[in-house]
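Same chain, two partners: subunit A is paired with subunit B first, then with subunit C.
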Partner chain A sequence: MFQNSGLSLDQAPPISVVFRFFLAGSLWGIAAGIWLFFAGAPALEPSTPEALILTHMLTLGVMLSFMLGALFQMLPVLAGVALHDPVKAAIRSQYPILFGTLFLLSAFATASGALYAFALLFLGIGLLPIAARMLSRLYRLPSHSPSSRGMGFSLYNLLLLVAVGGWMLALLGGWMQRGDLPALKQLHLDLGLLGWIALLIVSVSFQVIEMFYVTPPYPKRYARWMPALLTGTLTVEFVAALNAPVLEPWIESFAAILLMVHALLTLRRLSMRQRPLTDATVWFWRLGMGALAAAMLLLVVGNLTDLSTSLTMVLYVLYTSFALSVVLAMAYKIVPFLTWFHLNAQGYFTAPMMHEVIHPQNAKRHLALHSTTVFVALVAAFDPRLWPLAGSLLCASFAWIAVNIYRAWHLYLHVQKTGERFDMGSFS
Partner chain B sequence: MQISNYMTHEHRSCDGLFAEAEKLAASGEWDAAEKAFLDFANETLKHFKKEEEELFPAFEAKTGSTEGPTQVMRFEHEQVRGLVGKIAEAIEKQDRDAYLSLAESMMILLQQHNMKEEQMLYAMCDRVLPPAEKSDLVEKMEKVEL
Partner chain C sequence: MTRLLLDAREMEHPEPLEKAIAILRGLDEESYLYMLHRREPVPLTALAREHGLNALVRCDEQGEWHILISRNRDIDLEAFLLDRDSRA
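Entry: the complex of A and B
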């Protein structure tokens, strides 16, 4: 009965499910840094193969990995949706996505039709079943919170995003003629960056900001309707992309304003938090939301007047800073907590405290490195000689989080091997 | 929404007490921190008692299940009780780093526990229990003492 009604509470997936996605995301971040180091400014110029490769390393590589890891962990907690056999489900989506991404990057570099086809096939196999499964479980929930509703809408946008991506690949590969490529590209970008990545972050923030930092809640009606409004806007954009591409910038601007409002509401909440400590994660959130507000403002301005190449690059850097900052904010909470939580639940007396897994000083140093990366990348938009430095810093930043995740995993296994255990028989 | 409103309100008020104790411990005001933490611990443990002695049995009686969600919630209550003891030790030793580290674990543990209760268990209680029984339950829970 409980499974059917979505009420399954004994559901935290094994720690390896989350860590495998987070570690993969970090390795992609290192790869993106190396790519930026060698490719330089062309990696930020719209529509060059170098830029397509960098963007997809960051979105399919880094963001998708962290977001799937977080979804596996958070769906049971936020929405009572536990997936059956999560380890198998994780592996079944992670490897096809990995190969699909590698095929896609190679396809961008070589413009080979066969590689595009393989990319589409593998990404489809990796993404569609898991997204559809999560979405259908969410859909069947008897009651919704703003978070679960928002997650559902963001997964719906992900499905549309993959479909539009597939359509574009079909046009590029010459298997299909219908559709205007620039209009579809615009739609693909908006579905991915605004409808999937940003909306998932918005949905998580509805819950996480209030609860982890003890802040006033988001306005009720706003939290209830925002995900639907954003998704509705993007659905209208979908129709416009097919029939009246000239309307797309206006619709996109409306979506951008919604996200700008969210960023400002979140910054306001963080400044009203009752928990007094300013740990690194608060600043990662602030940096992320500040960058989102600025990026969305620039997006709207760019739709009213043409942006210079440098400002277009600034927009790219700001949006990326938003997404990566929030990923790091979440990772620095989730990784130490899960290490402690799983060991403690397994009854180990020697379960390390969160600060023993990753010390707050370590996270603060990473914050300094990450902020420097953002700053250098923003300056590089005006002085291209700095792109290799920005690439090195990006690489170092992801190496930093990769080492932290690896160490946490290592510590987890070490305690499991050597720790003394309390008999939990009376509770299980 | 009677059960949800009543219990969720208690969660939020415990969060406030928790933040207050953490603020005092962070600034090294140990005597005040001890008192504030005691307030938080008492309120939290009383809330658990209300659930374990009144709400969960009512839910279990209605749904015929004692092994489902309520058992997981009881297990998590035990985890929180374990942390309460450890934080009290940290206060006694005036160990700021240990306090803040344990507080972080406590906060996330409690929040994910609260999310599950608020979004699923309380919502279920509100759906399956008849209105009269809910009023009666709230009245009984009001009377629970530590």
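Entry: the complex of A and C
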């Protein structure tokens, strides 16, 4: 009648592994806000160096940092995959990614071939080994949940994304002539935004929405096939980018519809919570999924007809709001949990409860700040004078989460230093 | 043995973990935690094992998880598993 536990977890990854990525992501968010403040509307106009810099600050700086941190934390818990020596693995990927990102941003600003080459080298060193290692561990799992399968597909898309990015840098640096740059750019965008960022969030949501918020599960067949279908679609787009770029918008639209369906399914699930308690993280998820649905709708419309510059900016703002809202929702769950968990695992009587690490009221205030940032950025798409204000708010929003992460880290160290410990026998 | 039941099937994160840890801290040689959950609480069992407690985790036919943890390592927790009828 009873089935044995399929998962075992000896220990969670060290708290420093996750916090170092989250803190780095927050600092990149502050930098992105400062950049938006000074660059203004050109930072949202496609193909300007300012826009390339802002986009990569947000994707390589903010999103990649938070997502790698979350993967180190989630792989053992959601997929039963614990990486050997995670501290070393984290350091070996974080620093090359940091330098690679700085080289890339400088290359966008100066169009220097040498800087593109350094960017390619460092980003390759930072990203490829860790992505390949995580993917190979997932591949060797005897059985998969929808989350672990989806994480595997999103890591596969990340590897493709890096390969296409490298190809584009080789074209920009002048070391290679083969390839249609606009078609590769489109593919790079879709692999990054839809296949890596969105699919990783989708994969995590399969488990955490039900687990955190006591909702009905996603339909089984949908959860099983959606990541494969999205990845298959993007793989077809890969082939089209090389051979028939005219097909790319149609394939992209299909991928966008898949993500729109996911956003609506998630919103539906969140409306069916069994115990609808007030929690800021639910609203971060709702805001994120609402923004994803609207962004994907605009993407499809944009492929059928030309969007005005303002609506294109709205599309960028909505997609960014989706990704950042979910990142914040996860950070407000993961940071208090890890602080609490590690202190309890080490046996500190004085370990704070999770709500004492980051008070729920604090997260609610951040939700208000974040929602205001999104609103101002949406209005700024029609009134460019508001971009500096949007930049300031973005900066403040990431400073807020950075302070919360730092405080949690400080509290953790403080309890370790001053707290009373109990051993196994004194659990009672 | 005294069963300290924690039905966490409709509790939102992080309530089940915090309540379970509070119960674990109060366990004596004659009591055990019996937790019902809709998911496997991996961090809780990891914590219990980290502290050398006796832990048993099973999933029943309805997909509900039964987590039994005692301080007393000499007891067979398997013998305390409840089926649906005895819970009712």
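One rule holds in what follows: the second predicted complex is superposed on the first by the 415 of 428 C-alpha atoms of A that agree within 3 Å, B and C clash if a C-alpha of one lies under 4 Å from a C-alpha of the other, contacts with A are read in each partner's own complex, and residues count from 1 in each chain.
Methods note: a contact is a pair of C-beta atoms (placed from the backbone, for glycine too) under 8 Å apart; a residue touches a chain by one contact, two chains touch by 3 or more.
Computed from a predicted model, the values in this text were never measured in an experiment.
Engineer: Give one of first, second, both or neither to describe whether A:Lys333 is in contact with subunit B, with subunit C, with both, or with none.
Structural biologist: A:Lys333: touches subunit B and subunit C.
Engineer: If we overlay the two complexes on their shared chain A, which of subunit B and subunit C does A:Trp35 touch? Say first, second, both or neither.
Structural biologist: neither
Engineer: In the overlay, answer first, second, both or neither for which of subunit B and subunit C A:Met211 touches.
Structural biologist: both
Engineer: Quick one: classify A:Phe341 as touching subunit B (first), subunit C (second), both or neither.
Structural biologist: both
Engineer: Does the superposition put A:Arg275 against subunit B (first), subunit C (second), both, or neither?
Structural biologist: Both: A:Arg275 reaches subunit B and subunit C.
Engineer: Per the contact definition in the header, classify A:Trp196: touching subunit B only (first), subunit C only (second), both, or neither.
Structural biologist: After superposition on chain A, A:Trp196 lies in contact with neither partner.
Engineer: Is A:Glu356 in contact with subunit B, with subunit C, with both, or with neither (first, second, both, neither)?
Structural biologist: first
Engineer: Please work out whether A:Val77 is in contact with subunit B alone, subunit C alone, both, or neither, and reply first, second, both or neither.
Structural biologist: both
Engineer: For subunit A, which residues belong to both interfaces, subunit B and subunit C?
Structural biologist: Common to the two interfaces on subunit A: residues 1-2, 5-7, 9-10, 77, 211-212, 214, 274-275, 277, 333, 336-337, 340-341, 344-345, 353-354, 427-428.
Engineer: Give every residue of subunit A touching subunit B within the complex, in rising order.
Structural biologist: 1-2, 5-10, 77-80, 142-143, 145, 148, 207, 211-212, 214, 274-277, 333, 336-337, 340-341, 344-345, 353-356, 360, 427-428
Engineer: Taking the touch rule as given, give the residues of subunit C at its contact with subunit A in the complex, in rising order.
Structural biologist: It is residues 10-14, 17-18, 21, 24-28, 38-40, 42-43, 45-47, 49-53, 57-61, 66, 71, 81, 83 of subunit C that touch subunit A.
Engineer: Would you pull the subunit B residues touching subunit A in the complex into a rising list?
Structural biologist: My answer: residues 15-16, 18-20, 22-23, 26-27, 63, 65, 68-69, 71-75, 78-79, 82, 97-98, 100-102, 104-105, 107-109, 111-112, 114-116, 118-121, 123-124, 127.
Engineer: Sort out for me which residues of subunit A touch subunit C in the complex.
Structural biologist: So the residues of subunit A in touch with subunit C come to 1-7, 9-12, 76-77, 210-214, 274-275, 277, 279, 333, 336-337, 340-341, 344-345, 347, 353-354, 424, 427-428.
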